[in-house]
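By written order: A, B, C and D. Residues from 1 in each chain.
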Amino acid sequence: MIEAIQLYQRYNEHNSFILNDLNFVINRGEFVFVVGPSGAGKSTLLKLLIREILPTRGTLKVFGQDLTRMPRRRVPYLRRNIGMVFQDFRLLEERTAYDNIAFVMQVTGAPAGEIRRRVPQVLEMVGLSEKIWDRVCDLSGGEQQRIGLARAIINRPAMIIADEPTGNLDPVTSLEIMNLLRGINIRGTTVVVATHDREIVDRFRKRVIYLEDGRIAGDEQKGVYVRAI
Amino acid sequence: MIEAIQLYQRYNEHNSFILNDLNFVINRGEFVFVVGPSGAGKSTLLKLLIREILPTRGTLKVFGQDLTRMPRRRVPYLRRNIGMVFQDFRLLEERTAYDNIAFVMQVTGAPAGEIRRRVPQVLEMVGLSEKIWDRVCDLSGGEQQRIGLARAIINRPAMIIADEPTGNLDPVTSLEIMNLLRGINIRGTTVVVATHDREIVDRFRKRVIYLEDGRIAGDEQKGVYVRAI
Amino acid sequence: MPFNGLLYGVVEALRSLYRNKGMSIASTGIVVITLLMLGSFMLVRLNINHVTKAVKEQVEMVVFIDENATLEERESLRANLVSHAGLAEVRFVSKEEAMERLAEIWGDFVAGYRSAEDNPLPDSYEIRPIVAENIVALARELERYPGVEKVQYGEEEFVNNLFAVLRVIQLISLALMGGLAILAIFLISHTIRLTVFIRRREIMIMKYVGATNWFIRWPFILEGLVIGSFGAALPLAALYYLYDASVGWVVSNNLLFLNLIAVPSVMLELVKYLVPLGTGLGVLGSLLSMDRFVRV
Amino acid sequence: MPFNGLLYGVVEALRSLYRNKGMSIASTGIVVITLLMLGSFMLVRLNINHVTKAVKEQVEMVVFIDENATLEERESLRANLVSHAGLAEVRFVSKEEAMERLAEIWGDFVAGYRSAEDNPLPDSYEIRPIVAENIVALARELERYPGVEKVQYGEEEFVNNLFAVLRVIQLISLALMGGLAILAIFLISHTIRLTVFIRRREIMIMKYVGATNWFIRWPFILEGLVIGSFGAALPLAALYYLYDASVGWVVSNNLLFLNLIAVPSVMLELVKYLVPLGTGLGVLGSLLSMDRFVRV
C-alpha cells in the first residue's frame, strides 16, 4: 500500500532535512499510529502521502504508484482514494457541514440521490446530525474536526490518513471517533493516524511508528505511546 | 476578577441557549480548568471574557467592569490585560514568529529595545528559539500553538485565558507548557484553561469547572477530569 | 467531464454568485462602468469618423474656364474631367448660375451686373476629389489643361488646416479610445483576479480532496461568463436608449446637419466589441488567475 | 497616538506595501490608469472649452449703412454702436475697403467696378457681440436704428447650428468627463476595498489582541496615501510630457490656429483635481472599507 525507500524531505536548501532517510512499508489493511514530539515531521510525512509536497530525495510508492513520477493530472485521482483529515481541518468555512461533505462526492460524479442519502449517514456516525445545515465557521473546534473526519470517510476510500484527528476532542468523543476508524479498518481500509493521544495509542495496541527529529526511532507492532527502549 | 451572574448566550433567536444560567466567580490568582465534552460551550464562555461576543442575557464582570456596559472604545484596553490563546490560533500566517509576538507589544507602545529583548525570551520559554524568523504558515501545528501562547504571555497580562492550548502537543511538551502557565500563575496571574487533556487536569489538581450542554454541572477545588458524582 | 459535473458547475456558479453577493455586484459593477465608458466613447468616436468623412466629402474645387477657350478646348476639358479617375463628382456651373449665387450673397448690390453682357464671371466646373487630401496635387494637374483659366479650392492654408484638425481629432479620439480599451481589459481581468485571490483557500482545499482542475475551474468560468454577460448587456441597453434618445433629440431639433449614424448600425458595432470584451475577459481572467492556486 | 505608534505605522505601511508587492503594484496601477484617462480627458476638454470660446469670439455681424443716410444719422449710429453695452468690438468698414475685400476673393472679375463712382457696395460697421448667443436679438435691435439699411450675420441657420454643435460637443465631453470621474472614484475606492477585504483576517486578529482602531487604521491610511500619491504623480508626469510634446508639435507644424492652452495653466488645473482625487480616495477608501472589520 505504502512503501518509502530512503525518503528525504526538506523545505528549502538552507535548512536541514525535516525527514531523514525513512524506510518503511505499510500493507493493505494495516492500522498504524505515527507518534513523536511536536515538530518531529509527522505532518510532513502525511503530506507526502497525498502528494501535497514532493520528496526531496528517495522513493515513495502509494497504491503501487511512484509519487515522484506521477504526472500532475493523475494527482486528483490519487487523492480520491485517500481520505485525509488535516491537522488544520481545511474546511470551507463559509459553507454548511452538508456542503463540505457533499463536495467530495460531487467531485467523483456521484449521483445526487446517493449524495443526499450518504451525507446525513456519515454525519450521524460522527455525532453531528443536528449540525448538518450549520456553517462550519459556526461550529466548535471539536465539531469542525469531526466534519473533517466525515469528509474523509464518505467516499469509502482505500486508505484513511488522519493528522491529529482527536486534538480538539474530549476523551469520550475521541474514543468514539477512534473506534469508528477501527471499524472502518476492520472492513479492510488502511488507516494511518498521526497523534499525540497517549490514552488512545496505549489502549489500541496497534502498530506504532516513532518519529524523532525526522528519523524513524522505532516501529513496533502492538506498540504503546512511549517507545520501549 | 471574573464574575458571571445568570449568564445566558445564544447565537441566534432560533437556536437554544449555548450557555444557560451560568453563575460563578473566579478570584485574582486562581488557576481554573474548564472541561466538558465537545460543543459544551467552553470556547463560547472564553469568547465572552474578552468581549469577542456579548452575552444575550445576564451580567459578566471582568476586572470589576461590566462587559455588557463597556463602551466599544474601551475594549482594546480590556484585551491588553488578557493574554488569550485561541483554539484556532489566530496568528498572522504570512508573518514571522517574531512579528506575531512583537505586534502585541507594539500595540501598547512598548519601546523598540524592550521588544527586541523580550520576544526571543518568550520564544525561548516555549522552546521555539530556532523558529524566530520562520513564517507561521511554515511551522508545525504544535509550534503554531506555542507561538500563540508566547503571544499571550509576553505582555505579562493580569489574566491568561487559554482555549485548548495543548491540543496539538505531545504529552511531554504539553506538560512543559502547562508548567510554564503554573509558574506564571504562582507569580499572581489568573489563569483560565479550557482543555480536554485528562492527564494534565488529573495531575494538576486545580479548580475545575465542568460544563455540560451549556450548564455548570460541577465546580470543584482540586478536581480531576472526570467529575465525582 | 460527465454530465453530473457540468450540472454541478452551473448550480455551484449560481450559488456562489448569490453567496458572494457583494463581490458579484461589485465585479459586475466594475465591468458595467468600464464597458459603459468604452461604449459611449465608441459611440462618440464612430460619429466623429462619420462627420470627418462627411466633411472630407465636401471638399471641392472650382475650375474656371478661360473666357477665350475654343469650343474644342472646352469639349476636351469636359471629357478629361468626366473620365478623370481621381474625381468623385464633376458639375458644370455656367456664368449665369455663378452670378445668381453671387447675388444671393451680396443681394441687390450686384443687381446691376446681372445681364449676360455685363456679367464679368466665367463659366466653371465644380469638382470633388475622391481622396480629399489629394486636392492640392489635383489642382496643380488641372491647371495645366488647355482652356483652364485658374483652379481654385478655398484657401490652401484653410484646407490644410482643416485636414490637420481632423487628423488631430481622430488621433486624440483614437488614443483615448485605445487607452480606455486597455483600461477595460486591465480592470476587468484585475477584478476577476482579486475575486479569485479572495477565494484561493477554497480552491486549494478543493484540490486537496481530489477535485480535478477543470472541475474547479468550470464554476469560475461560468461565473466569469455571467458577470461578463451582465457587464456587457447592461451598458449595451443603456447606450441603446441613450443613443436612440440623442438621435431623436437631434431630429426633433432639426439639427440634422449633425449627421448621426443610424442606431442599428452603431449598436451592431458596439455589440461586436463589448460582448466579447466582457465575457471573454470574464472567462479568460478567471482561468488565468486561477492557475496559480490550482497547481497544488 | 504616541510617537511610537506613529513610527510603527510608517514602518508597517512600507513593509506591508513591500510584502504585498503584487497587490500594491496592481492597486497603484489601477489608480494610475484611471487618473491618466481622467487627466488626458481633462486636457482635451479644457482645450475644447478654449476653442469654443475662441470660436464664439469670432461670431460677427455687419451693419450696412443706408446710402441715403444723413450725416447726423451716421453720427448718431456710430455713437450708439460705440457706447452699446452688448458689443465687444465695433469697426467701420468703408465701401472702398469692402470692394478691396471683394476683389481679394473674386479677383480680376470685379476689377472694372473698383472706381468710387461704380462701387455698388455700402459703408458698414463690423461688430462683435460680447455674448455670441445674443446675436439674433442684437440684429433685430440694430436694424431699427435710423440710417441702417440692413444687418447681416452670416446665415441665421448657420449661426444657430454652430451654437447647437458647440453645445452638443460641450455636453458630450462634460458627460464623458463626469462619467470618467465617477468611474475613477468608484474604481479607486473599490480597489482599496478589495485590498482591505483580502486582509480582513489580519485586521480582526489585531483587534483580538488589543489594538485600537486607529492603531490598525494608521498603516492602512499611509498605504492609501502612498498608493494615491504615486497614482497621481505618475499620470501627472506622463501628461506633462505628453502635452508639452503636443504643444511643441503644434508650434513646429505651424498649426497655431489649434490654439492650445499654455502648459503651466493646464497642468495647474490637473494637479488641482488629480492629486486630491488620488490621495483622498486612497485614504478615504481605506478608512471606510475598514470599518466593518474593525468593529470586533
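By our rule, a residue touches a chain if its C-beta (ideal position, glycine included) is under 8 Å from a C-beta of that chain, and two chains touch if they have at least 3 such contacts.
Owing to the predicted nature of the structure, the values given are computational and were not obtained by experimental measurement.
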Which neighbours do chain A and chain C have in common?
-> none
Relative to chain C, which chain has the most distant C-alpha mean position?
-> B
Chain centre separation in whole Å, for chain B relative to chain A (CA means) = 28
Once you find the CA centre of chain B and the CA centre of chain D, what distance in Å lies between them?
-> 63
Counting in whole Å, what is the centre-to-centre distance of chain A and chain D, each centre being its mean C-alpha position?
-> 67
Mean-CA-position distance for chain D and chain C (Å) = 23
Could you draw the chains as nodes, link the ones that touch, and say if you get a line, ring, star, complete or other?
-> ring
Every pair of chains that touch: which are they?
-> A-B, A-C, B-D, C-D
Name, in rising order, each residue of chain A that touches chain C in their complex.
-> 50, 52, 72-73, 76-80, 84, 86, 90-92, 94, 103-104, 106-112, 151
Seen from chain C, its contact residues with chain A in the complex are 2, 4-5, 8, 19, 202, 205-213, 215, 295-296
Parts of chain B lying in touch with chain A, wherever the complex brings them together | 11, 35-39, 42-43, 87-88, 138, 140-143, 146, 163-164, 167-174, 196, 198-199, 225
Can you check the complex and tell me which residues of chain D touch chain C?
-> 26, 29-30, 33-34, 36-37, 40-41, 44, 102, 106, 109-113, 120-122, 150, 161, 164-165, 168, 172, 175-176, 179-180, 182-183, 186-187, 190, 193-194, 197-198, 253, 255, 257-258
